[in-house]
Amino acid sequence: MEFLELLNFYIIPGLVLGSIYALGAVGITLVFAILRYAHLAHGDIATLGAFVAFAAVTLLGLPVYAALPVAMVVTAFAAVGIDKLFYDYLRERPRIVTVMASLGVALMVRSLVQVIWGVDAESYIRGIARPENWWGIRLKDREIVTILTMIGLVLALQLFLMKTKWGKAMRAMSDNPNLALLSGVDNGKVVFLTWLIVGGLCAASGFFLGLNTELKSMMGWQMLLPMFAAAILGGVGRIEGAVLGGLIVGVAEEVSVIFIPSEYKAAMAFVILLLMLLLRPTGLLRGKVL
Amino acid sequence: MLEVENLVMEYGGFRAVDRCTLTAEEGHITGLIGPNGAGKTTLFNLIAGAIEPTSGRIRYMGEDITHLSADKRFHKGLVRTFQIPHEFHRLTVLENLMMVPGHQAGESLFANWFAWGKVAGDERETERRAWETLEFLELTHVADERAGNLSGGQKKLLELGRTMMTDARLVLLDEPAAGVNRTLLRKLEEKIAILNKERGYTFILIEHDMEMIEKLCHPVICMAEGTVLIEGDFQTVRSDPRVLEAYLGETVGDAA
Amino acid sequence: DVKIGLLGGVSGPIAAMAPAMIDAAQLAVQQVNDQGGILKGEKLIPVVGDSACNPQNATDAATKAVNIEGVVAIVGPHCSGAVLAAANSVAVPAGVVIITPSGTSPEISKLDDKDLVFRTVPSDDFQGRALARTLLERGTNKVAVAYLNNDYGKGLAEAFKAEFEDKGGDIAGFAAHEEGKASYRSDLAELANGGADTLVIFDYGDGAGLTMLRQALENGFFENFVGGDGMKSDAPIAELGAENLTTFTASSPVGAKSDALDVFNEAFKEVGGDPDAIFVTTSYDAAFLAALAIEKAGGDKAKVAEALRSVSDGKGEVILPGEWKKAKELIAAGTDIDYKGAAGDHDFDELGDVPGVYALFKVQDGAFVVDTEMK
Amino acid sequence: MEWIGLLNYAVFMAIFICIYGLLALGLNIQWGFTGLFNAGIAGFFAVGAYASAILTTPEAAGRIGGFDLPVPVGWAGAMVLAAAIAWPIGKICLRFRSDYLAIATIGVAEIIRLVVKSEDWLTNSARGVTNIPRPFGDLPYVQSQLAYLALVGGILLVVYLLVERQIAAPWGRMMRAIRDNELAARAMGKDVPFRRLEAFIFGAALMGLGGALFAHLNRAITPEAIDPMVATFLVWIMLILGGSGNNRGAILGVAVVWVIWSFSEILTDQFPPEIAIKAKYIRIFLIGLMLQLVLRFRPEGILPEPQRGVSGKKDL
Amino acid sequence: MSPLLDMREVRGGYGDADILQGVSLNVAPGEIVAIVGPNGAGKSTAMKAIFGLLHVRGGKITIDGKDITGLKPNLIVQAGVCYVPQVDNIFREMTVHENLEMGAFLRSGDQTRAYDRVYGLFPDLKERRKTLAGNLSGGQRQMVAMGRALMLDPKVLLLDEPTAGLSPRYMEQIFQICRDVRDDGVALLLVEQHAKQALAFSDRGYVLASGANRHEGTGAELLADREVAEMFLGG
């Protein structure tokens, strides 16, 4: 196979897909690390974000890319609200209870989306967009935007966590919540911040998924498992790990078609994950053992 | 009884235990002291099989156990306590003790379903022994409390109690006194001495409480930076200038 | 009042397709009620149940419909697995007729069903073969096939492949895919490697099929695209734009008397439905046939199956979609009637299956129009 | 007439509750008592269902089979095969800690699902296996339902008693100890990997049995039955709502979830028919909401895990 | 002098049962007060009560005359109280240095001097500042926990068995630090099982047993009391 073909039809789509996974996986890993549970409503909140952006485009008439920040903000606050309503009072309980609550939230959010926007496939921009040719490399502007935005958001997040006081407080909270309290950290504020960030990232992943394909009410739920695989692959609690995990899963899924029957493509994320867990049970970048 | 030869444990380039060689004689209570971070607990972890050494050998009653799993070592009579209590927090205190004895009939699924009588008989005996232990540790009033709800010192007592539930041969005690009330501690010392004399348990005891070390231990080994600094009777070790400097500090050294 | 069950995969994987199908069935019910009701002027009441496309929910919904609601016949469920479960464990033992508008699996034919299980959608076999022959006739003899990995996609694809190769065609790529993925570009690239310029997609036009079609168009993977009835959906036109679909055709079952289809299309548009949505014609027909059979059987559950065969056996006065009043009068008069549906004539064979009559549709002026009749 | 219909429906629900009760008990052994986060229930369910289906069905073209064995053999086979599959999976995956184990088992279940869906020779792929014999299937509807209920109810009862006994015994205590603190359990001489594997396999066998009972109930099994939502997550909801670590709670949880399931439909059926479809979405919303409400007011589950081993209960 | 920290007749517990059955104690500025008593007496529980980690069902706790009963812990820290719990008192997944940074969470401005002071007290920590605290030895963790508390420069410092597991040399050093801190005007309340040593340098002491006050007095008085010595101090 020609190198350019490999790049154009396997690697680049893989990276774009991987960026979308990465945005979701970063959120998952944050919830995992700070709040300590598997958040199963992640995919459906991403769907919500995508449809909020859709509403911004169709109702407010915003340009597509301008809808992204709107969706991120709205979804961020929606996530905070969901936390207040459904997770907050379970904080002292075993984590598994919150996992189940998040499953309930997934159902609720999905049915809300279905009631409000229906179940038909939608898209931000009707019609098709053909890629530009850059010295043989075929790229669409929306793909470039997807990858760059992902990198930008993740870098900003990483800076925030490592350099700012509140970032450190979030890590402390994820480590020993009681002691964080005793150090003067306001846990309510940390949880609030976490959901703000997670909600925003969720919306971004949903938005880019919708931008690169179509919007469907089940789209987020169907992305949930690969996103989780990516988060674990990278090592729980590791932002850069989640990005790496997302990209690997994305590229692996696309490239796998060359080697295995394509009906097994969906298993690729898990095959990699299982292999990796066998060799490095803590994830690619050493994550925390929960 | 126990021989440790050139044992090394490395954590990412840092040697917590560094070519450590020592022996513990059958029937003795060997004291193990040393500054914080000297590698005492790590050494215990190695001996008990919680972690595998980077290199070196451990022999127990003439047998090389370097790569044996922790549970197998337990069944050979090698029992340890944890410095930071590792109680089963959702089990009651009584259950914490009752789960200790090895090879209980009721631990096999088939015995449970088909040999009910034997299981029950076993249980009665275990329970009797557990109550005895509780009485001794003055913990009867919390027998039905979840172990996770115990106070810090009570947890340490429970740790110790577990070693009393089996017929151990070599018991590794990691700072049994830390956080334990002194009045009770004096009684524990007696009990350890009794176990040692009457039942023939061999002990290795990590402690920072010099009174206890002095009372019980012979010989005393002082570790520093992962390796043995000096070994001898308490007086010799205590007056060694290196021990004074690294471990006891001038004032305490004089007072002890 | 007389109740019929409308079971569909409202939630779950085909959530996007189910509403239109149920709406179409509701249209039939509404026409019955508007034109004098059923039996002695009673109302036909639809009981909508969510079979969620899995046997667990399907049996629950079917049991409820049969036992609690006391339905006389069931239209649905939509997915083959749900049909098998609902039929086996509820409808057949309880003696209730079940007509699925979209369960295309050949396993349904094999059911030991005491002649209670019918379908208004042809088994995949027919369509796959017909499509293969038509493409060969049109001179397309090298294609790549992408199909959704479920009973629908697989059934069609395998029938197509067998016939196409049998008749001398060349399958240059043949691959299944899972639904709900964000990218099928590598799948497409692999398929394109075979050198075919026509891609046959057996998938749903508002599901993965849409994504696939989009990505193939955007990246210029194939020149011509052919779909099964699942692809004859409004979604590709709405999302991709008719101007980009000039090389896209899709097969779909039609009545021999294709007036029937036009009649239905008109009526469905009037109530705000989209007649190009997937399986709406079969859904409508299933519900209308159920109503006819109940009327014919005089409301007796045990006779519905027999009546169903007699109102569609190709003999008697022709009834087109929506002609409830006429049908009711004829039945009252004891005249034989024969329903010719929007999706075909529905002359059930002994297994309860219908042979299909198909046409190939193309996109013109933002809608599907018949391009070629298929034999 | 009306009440007979309701009764029929109740019988049907009871059958379902018994089958899912087996799944919940299996999960309870794994999670409730041992702390193994198995999120791949669907996989074992599938293995059991298909194993029994293949063993008991007559010859069918295109796939292995034609063994036509008696039903009990099929059920035993389902348990054995599910256990046999669980063995290597457990061997590999049980080394991982909770959440990692969850995702690893989800992965395995997805792979099993894809195999079941794609391999013609083994499972007739997406079309599924049909003509599975159903015990008492030839009786009239009502009798046959009742007979099947008696059968699955009996099985559930036996399993329940076995599990209860084993949990109350030192075995259960040991497992709870392992769940609490693996390191200490090892230091106390418990062969942790072996014990966890034991619990994993035992739970998996029950899940396999549940799958088999389900396949025979419907006389057919298709890949749609092993969707993670209905075959994994639903069981989790049941267990957690009912009370993990409590066998009666587990079974009660199954019942409660099915009741919520049905009740929500009855509620949404009150909406006018014009929005019958929207009503179904609202139903899913209500199910989610009711789940939240139960969690809100009974976060330990409806029947919380009892504090076992309290010494008052000496007559063990 | 009015007490800085005052706890009056406090009752409360973790669940429904009252562990504390009326505990009163107070600490004045610049004073070291020791709490001793058997295991399970409620010493740690009393400290947690001050920090709002308990259901307090009766009594009152004030700081500087301000009522802090039932306040959230992070607000109590803001009031200038710092607490080193007996167990679980470090951030395991953060480095030693980050643990100290968390100690200074509420302080703004340059902390170089505070770090220098802590590292000066515990040179071992300086060596291992990049190590994850969870990988430290038992004694080293105790140092991190102390260091974290000292970073805040509190008005009142609550220490729950600060010397448990420390080598004799460090024990002495910790006691010395306590005295130094006291000399800076900080009030100290500490729970100790090294009761003799602790009482010897404390200004006052309380003996708790079964969740209630049993004895109180100056350190010297308690040491001299025969009953106290026999029952609680190990003879």
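We just call them A, B, C, D and E in the order they show up, numbering each chain from 1.
To be clear about the criterion, contacts are C-beta pairs under 8 Å (C-beta built on N, C-alpha and C of every residue); 3 or more make two chains touch, one makes a residue touch a chain.
Since this is a predicted model, take the numbers as computed values, not measurements.
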Contacts common to chain D and chain E (chain labels): A, B
Contacts common to chain B and chain D (chain labels): none
Label of the chain whose CA centroid is most distant from the centroid of chain A: B
Whole-Å gap separating chain A and chain B, where each centre is the average of the chain's CA atoms: 47
Cα-centroid distance, chain C relative to chain E, in whole angstrom: 75
Intercentroid distance (Cα basis), chain C paired with chain B, Å: 73
Between chain D and chain A, distance of the C-alpha-averaged centres to the nearest whole Å: 30
For chain A, residues contacting two or more additional chains: 111, 114, 261, 263, 266
Two or more partner chains touched - positions in chain C: 11, 13, 18-19, 149, 176, 178
Which pairs of chains touch, using the document's own definition: A-C, A-D, A-E, B-D, B-E, C-D
Chain D partner contacts - residues on chain A that touch it in the complex: 32, 38, 40, 86, 89-90, 93, 96-97, 99-101, 103-108, 110-112, 114-115, 225, 228-229, 232, 236, 261, 263-264, 266-267, 269-271, 273-274, 277-278, 281, 289-290
Chain E contact footprint on chain B (complex, rising order): 11, 33-42, 83-84, 142, 149-154, 156-157, 175, 178-186, 208, 210, 246-249, 251-253, 256
Of chain A, residues touching chain E in the complex: 165, 168-169, 171-172, 174-176, 178-187, 237, 288
Residue numbers on chain C that touch chain A, as the complex places them: 11, 13, 15-16, 18-19, 149, 175-183, 185-190, 206-207, 210-211, 214-215, 217-220, 235, 238-241, 243-244
Of chain D, residues touching chain C in the complex: 1, 4-6, 8-9, 12-13, 16, 114, 117-118, 124-128, 130-131, 134, 137, 140-141, 144-145, 214, 217-225, 227, 229-231, 234, 258, 261-262, 265, 269, 273, 276-277, 279-281, 283-284
